[in-house]
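Okay, so chain A shows up in both of these, paired with chain B first and chain C after.
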Partner chain A sequence: MTKLEAVIQPSKLDAVKDALMEIGVDGMTILEVRGHGRQKGHTEFYRGREYTVDLLPKVKVEVVLDDALVEKAVAAIVGAARSGKIGDGKIFLSKIDDAIRIRNEERGAAAL
Partner chain B sequence: MSASPSLFDLVRIHSSESASIRQGFETTGDGKVAIARRTALVDSIVGRLWQEFVAAEIDQPEGLSLLALGGYGRGHLFPHSDIDLLFLTEEERPDPKLQDRIRKFNQELWDLRLRVSSSTRPVSDCGKLSEDNVEFTISLLDCRWLAGDRKLFSRVHDQIIPSLVKRDWQTLVQLLSEVTRSRHAKQSNTIFHLEPNLKETPGGLRDLNVAVWLSLIAAFQKNGWPAKESVLPVANRGAIDAAFDFMAAVRCFLHYRHGRDDNTLSWDAQDDAAARAIGIPDHAKIPAADWMRAYFRHARAIDRLTTQLLDEVPASRASLYQHFQRWRSRVSNGDLSVVDGRILLHTNVNIDAALVMRTFEFLAKNGFRLNSETEQRLSDAIATFVSKDLRTHTLWTHLRHILGAPFAADALRAMHSLGFLVKLFPEYHLIDSLVIRDFYHRYTVDEHTFLTIESLHRLLLPPQKEQPSEWETYFGDLLKELEQPELLYLALLFHDVGKGLPGESHVANGLPVMERSLRGIGVHQEELDTIRFLITEHLAMSATLRRDIFDHETVRGFADKIGTPERLKMLCLMTYADIRSVNPEALTPWKAESLWRLYMAASNYMNRSVDDDRFHAEFEAETLSRIGELVPKKSTELRKYLEGLPHRYLRTHSPMQIAKHFEMSTALAKKPVQISLKHTRGLYELTLLTGDRPLVFATIAGVLSAWGMNIVKANAFANQAGTIVDTFYFKDRFRTLELNPPELERFEHSIVQVLSGEVSLHKLMEGRERVATNGPTKLQTATRLDFNNHSSSHSTLLELVAQDRPGLLYKIASTLGRYGCNIEVALIDTEGHVAIDVFYLTWECMKLSGEHQFQIRRALLEELELE
Partner chain C sequence: MPRICRRLLLACLLLIPSLNIAVAQSAESSAPAISTAATVSPERITTLEKQVADAKGSADNAWMLVSAALVLMMTGPGLALFYGGLVRKKNVLSTMMQSFAMMAVITVLWAIIGYSLAFGSGTGFIGGFHHLFLSGVGAAPNPDYAPTIPQQTFMIYQLMFAIITPALITGAFAERMKFSAMAVFMILWSIVVYSPMAHMVWGKGGILNASLGGRFPTLDFAGGTVVHITSGVSALVCALYLGKRIGYPSEQMPPHSVVLSFIGACMLWVGWFGFNAGSALSSGSLATSAFVATHFAAAAAVVGWSAAEWILHGKPSALGAISGAVAGLVAITPASGFVSPTSALIIGLVAGVACFFMVFSVKKKLGYDDSLDAFGVHGAGGTIGAILTGVFATRTINPILHDSEGAALSLGFVDGNFGQVFYQMIGVAIAFALAIVGTLAILKLVDLVIGLRVSNEDELQGLDVTQHGEEGYYWEASSL
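And then the complex of A and B:
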C-alpha cells in the first residue's frame, strides 16, 4: 500500500477530487495548509499597510492506495492540478505498513 | 410480576419484563410509564440481589444502606441508562468482608447486563461539600432508599443533607451554575442544533435536572425537603411537564433505536421519530421538519426556565461582580427597571406596540434578558397585535436602532421567540426552527441568521477572554468603516429566508420574500437596492475563494461584479459572518486569511482601475435609458454629460443623484460654479460642478480648510467634455454651519468667489488661522507614497498614506498643482487618523516621467513632514 500526498493549488481541489473519484478512489483526506516552493510570496499594500504573503494557501490531498492504483492516481492528479505555472504543487509517495478499519478491524488492502 | 427466588430466574425476569416494557412503549409511546416500569423492575432485581449477597451474609445489617442516586434515584431509569448506586456505611472504613459482598453484588448486576455505577462511602462524606466533587453532593438531592438500614438513610436524608444545603447553598448553586454554563458554552450556548443531544444540549434533559436542583435548593432555605412535584415555579409547570413528557418519550425511543445510551437526535433518528409520531399527542404523523419544531418548542421552555434560574444565582464572592450588577441595575427608565440583571416592565404601563419596540431597543442596547413575567406579558400583548398596524413607514427607523445596537442578536432572538418578529415580517415563520440538513451547518436557519449578526457585533465589543485574532482585527476595522452597517445587518436578517421555500436556489426564493417584507416600512429605494445586491451576491465571495485569488483575471472579474468599494466591504463582512456562523470550526485561519486577501486584491483593483474604466454611451444603452427616464427629453445632453465619466462615479451615485448632477451641469452656462450642500449621517456633503481647469481640486480643498472643515472623504471625476464633478464629505470641526445657519450661504458663496478668482484663496486662508491639529494621537503614521505607471493606460497612479490633519488635502493637491499635475481622478478616504488618498495624474495629457515623480515625491515629503 502507498500513501500519496499531493500539495496543490486550492482552486484545483474540485477538479482533483473528481479526477480521483473517476478512477475509483473514494476515500481521501483534505487539509488546508500553507507553503511555498520556488513560487515565492509577494508583498501586497493595502491602504498604507504592508501584507507579506510568503506562505501561500494550498490544499493537501492525502490518499492511501493499493499499489496497483498509484500510477493512475498520480496521472489523474497531475492532469487535474496542472496549470503549467510555478506553484502547481507536488506529489509525494511513501510506503504504508498496514491499514485498519476501525468499525470492524479489517486489515490491509481490504480496509482501504 | 411473580418470580422465584432463584438467581437464575432473575435473567428470565429481567429479559421478559424488559421486553414487555419495550412493547408497551412501542404501543403507547408513553416514555414516563416506560421509565417508571423500568425503575420498578430494577428495584425488584436490586432488592433480591441485596437479600442474596448482602443481607444474608452480614451479621449486622445496621450501619449499611443501599441508595439509588441520579436518574435511578429520581425514578427515571431510561432503557439503557446507568444504574447509580451508593452503599452508605456508618463506618469510615468498611469491613473487607462487606467489600467482597458488594463486589459480588455488582458483578451479578453486570452479568444481567445492567450498567452499574456503584460507590461506597461513609456517612461523614455526605455532610461535606467538595468543590472537586460537587456532582456527588448534587446526586444526593435525588437519593432514594432501596435496602438496608432505614435509620441510617433517614439520618442522611432528613438531617445531614438539609444541613449541608442550608449551610453551603451559595457555593453549591455557584458550582452547579459554573458546570452548567461550561456545558452550554461547549454547545455554543444555543438550543438550535441540527442534531441535538437530548441530554447535554441546552434545553435538554440535563438542563431540566439543573432547573429542578436549583429550585430544590432554593426551597430548602425555607421548609426542609419540599415536594419535588411542586418545586418548580407555578408559571412554568405546565410547559415543563409537557416538555418532560416529550423528552422522556424521545429518549426512550433513542435508547431502543440505538441499543445503548446514545442520546443524539441524528437526522435518521428525526425521520424515524417523526414517522412514528414519538412524543406527539394523538400520535399524529408529521414531517420531520415540523417534528423538530416541536422538539425546539419544548427545548425552549426548558432553556428559558433554566436560564432564568441560573441568572438568579447569587453573585459570586467577588465584590466587583456585585458592584457591576448594581451599576447595571441603575440602567432603567420610565417603562421598565432592571432587577438582578433582568428587564422588568412596570406593572402600570400599557403594553402597546410602541412600548414593545422600545423594550427590544433597550434590550439590544444593553444586553439584559427579559424577566419571565415580562416575557409572558409581552407574549400575551403581542398575540393581539395585527401585522399591518405594525408595518408603518417608521418601522425601519426602530429596526435600524435595534440592528445597529451591540446586542442586536439577543434582541432579535427575544423578538422571534415571543412572536414579534413574525408579526413584523409574517413570512419569517418560514425559517422558524427550520432544520436544513447539510454537512456543514450545525444550527437551524433562524439561529444561524442571528449568529451572523452577533458575529459582526462581536468584532466591535471589547475582547472577553482572549485577544482577538489578526483577522478579527482586520474585519473589525472594516466594519467600522461602513457608512450604513444597518443595511448589512438587515440583509443578513433575510439572506437565508428563501431556505424555507422549496426550490433549488434559496437566493432566488428569498428575494421576493425580502422585497415584500421590506415594502412600506420606510426603507428607501437606494437602501433596498443595496440589500437586494447583498442577498443576491452573498455567495459570490465564497465561490471566488475556490478559484485562484492571486490571478489578476479572477480578481478583476470579481471586482467588476461587485462594483463599488462600499459594497465590497459589506460583502466581505457578510461572507465572514456567514461562514463564521455555520459552525464554530468553519472559519479556519486559513479561510479567514484567504477571504481577507481576496478583499484586499479586489479593493486595490477597484482603486487602481478607476481611470481606465469609463462610461461610453454607445455601449451603455441600458444605463443611459435608466437615468434618462428621470430627465426626459434631454437624452443628448445627458449623453454628453456622462461620456467619459469613470464607472466608479456611476456606481457610487444613485440614478437620482446622477440626474440631479446632470441638471446642475445644464445650468453651468448661467452660473459657472454649481454647488449642492447637504448634511447627512453626521457629515456635510458638498457636490460641486464646474469647468475643468488647473488647481480646482486644490482650491476647493483650500477653502474648506480655511473654513475649519475636516475633509473625511472626497471623489473627483471629470467627463470628456471637461466638466468636473467633485464631492467632498467633511466634518465641521467648529460647528460653524450648524450653529450659524446664515453662514451656510456665505460658505457656499466663498467657494464660488475663490473659484471664480474674485477672492484670493491665500488671503482667505490667512484671515482664518485655525488650530492645525485634530488633537494628540497615540500612533503617528509615517508618510508613504507609491507611484505606479502600469495600473492605468494613460495616467500615473499615486497612492498616498499620511497622518491625517486639517489642511492635509489642500497641501497635497496644491503641491501636485505646483508641479503641473492634472488630477484626472481623486479618491480620498480617512481611516481613523490615517489619510488614504489615490490620485490619477497626468502632465500635459501624459503619464509622469520617473524624474517628475521623484520631484513630486520630494516636495510632498517635505511639505507633509515639515510639521
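And then the complex of A and C:
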C-alpha cells in the first residue's frame, strides 16, 4: 500500500477529486493547509501598512492506495492539477505498513 | 347648500382625533368660515390648536426616538464590529466589550450626573446639579433645547452621543489596556471632558453655544467638536501615553476580519442619519437637509479616499473605502444642518483625501501606535469638518441666528461672514485643549491607582482570555 499526499491549488480540488473517482479511488481525506515551495507570496495593504503573505492557502489530498493504482492516480492528479505555472503543488508517495477498518477490523488492502 | 357643505366639512375636521399638519393647514385656511359658523365656539378652536401642536409633537417625538435608537446602533453593533474586525483574533471580544461597556456604564453615569453636567444650567463651561438623578426631566419639553419633544426624549437622545464618544477613543489603545483601567478612565473622561464640552457647545449658557447666545458662537450641528475632536484628540493622547503594542511596527498585525469591519462601517453609515438628521431635534425639512448632506459627504469621501489609494497604492481596498466613508461622516457632522448638498460633497471629498494621508503617511512619520486610527479619522476629520463648517454654513439652509428685528444673520464664509471661521477655530482650540489636559490628567491618575497596561505576558496571550476569560472563536474538540 502507498500513501499519496498531493498539495495542490485550492481551485483544482474539484478537478482532482473527479479524476481520482474516475479511476476508481473510493476514499480520500482533504485538508486546508498553508505553505509555499518555490512560489513567492504576495503583499497586502491594510491602511498603508504592507504585509507579506508568503504562506499561501493550498489543499492537501491524502489517499492510501493499493500499489497497482498508484501510477494511474499520479497521472490523474497531474493531469487535473497542472496549469504549468509555479505553485501547482507537489505529490509525495510513501509506503504504508497496514490499514485497519475501524468498523470490522478488516486489515490491509481490504480495509481501503 | 354651500353653507351646509361647509358645516359638514368643518364637522368632519373636528371629528378627526389625530390631526396631521396637512389637515391643520386646511383648517387654518377655512378660518373665515369658522367665524361665520355659529356652532364653533372659541373652546373648540383652542382644542383644535392644541391637537395640531400635539400632532406636530408626536411627529417630532417619533423621529427623535428612532434617531436615538439609530445612534445607539452606531456603538453596538456598528463600532464594535468596525473595531472588532480590525484587531487580531485574540483581542476581538475585548475590543467589542470596550464599546459595549460604554452602553452600560455611561448610561448609568448619565442618569446620575452626566446629563445634569452637560445640559443643566450652570456656568459657561459646565452645567449644574439640578438634574441629578434626572430630577425634573420628564414629559414636558425643555423649550431652550427642543420645544416639541419631551425632555426625556432629548435626554435619551443626547445619552447616545455620550456613549459613542468615549467608545471611539477605545480604537487608540486597542489590544493593550486593562479593562478595569479602561472603565474607570472612561467614567472620569465622560465627567471631565465630555459633559463640559457638550455644555459649552450645546448647553444653555455655554460659551460656544451659537443659538443660545454664547460668547464665541461655534457652529456644531451634531458634534464635530463635542464628539469627534474630543474623542480623536484624546485617542492620540492615549496612544502616546500608553505606548506601542509589543511588536509594533516590526511585527505583522493585519485586521483579522475586514468582513466584520465592513458590516460595522455600513451600520455606522446608516446610524449616522440618526446622529446628524436627528440633531435637527424635529422631523421637519431641516432634518431632511442634514440627512442629505450626511449621505452626500460620506459618498464623496469614499470616492476621495479610494481614488487617492488607487493612484498611490495601485488598488482601491475595501478597508480604505469604508474608512473613507467614516471620515466623510465625521467631517460632515458639525456642518450637516448648515450646508447645501454641494457643499457636503466638497467637505466629504476633502475629508476623504486628507484622512487618507493622515492614516497612510502622517502616522507612519510620527511613529505613534493609534491602533485603529481613532485620531487619523475622528480627530483629523472632526477638525476639518469644524473649520469647513465656518466656510460653508449658510442661512438659506438653517437661519439660526437673527438680529433684533428677526432677520436671519449670515452664518459662514459663503454668506459673507468671514469671522465665523475664526470662531470655529476657537471651538476647535478649546476642544483640543480640554481633551489634551483632561485626558492626560485622568491617564496619570488611573495609571497611579490601577495601572493602564496589561502585563507583557497578558498582551501576548491576548486580552480576550486574560481580561475576560473567554475567546471570540472558541475551538476545542468539544465544540464540534
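Keep this in mind: the second predicted complex is superposed on the first by the 110 of 112 C-alpha atoms of A that agree within 3 Å, B and C clash if a C-alpha of one lies under 4 Å from a C-alpha of the other, contacts with A are read in each partner's own complex, and residues count from 1 in each chain.
The rule is simple: a residue touches a chain if its C-beta (ideal position, glycine included) is under 8 Å from a C-beta of that chain, and two chains touch if they have at least 3 such contacts.
Everything quoted here is computed from the prediction, not taken from an experiment.
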Query = Touch check for A:Gly84: first (chain B), second (chain C), both, or neither?
reply = neither
Query = Can A:Tyr51 be said to touch chain B (first), chain C (second), both, or neither?
reply = both
Query = Now for A:Glu32: first (chain B), second (chain C), both, or neither, which partner does it touch?
reply = first
Query = Does chain A have more residues touched by chain B or by chain C?
reply = B
Request  = Return first, second, both or neither, reflecting whether A:Pro10 touches chain B, chain C, both chains, or no partner chain.
outcome  = first
Shared chain A contacts, counted only where both chain B and chain C touch the same residue = 44-48, 51
Parts of chain A lying in touch with chain B, wherever the complex brings them together = 9-11, 13-14, 32-34, 44-48, 51, 53, 56-57
Query = Which residues of chain B touch chain A in the complex?
reply = 545-550, 588, 590-591, 593-594, 597, 600-601, 603-604, 781, 784, 786, 799, 801, 829, 831, 834, 836
Note = chain A residues touching chain C in their complex are 44-49, 51-52
Residues of chain C defined as touching chain A within the complex = 249, 252-255, 258, 313, 315, 317, 319-320, 323, 359-361, 363-364, 373
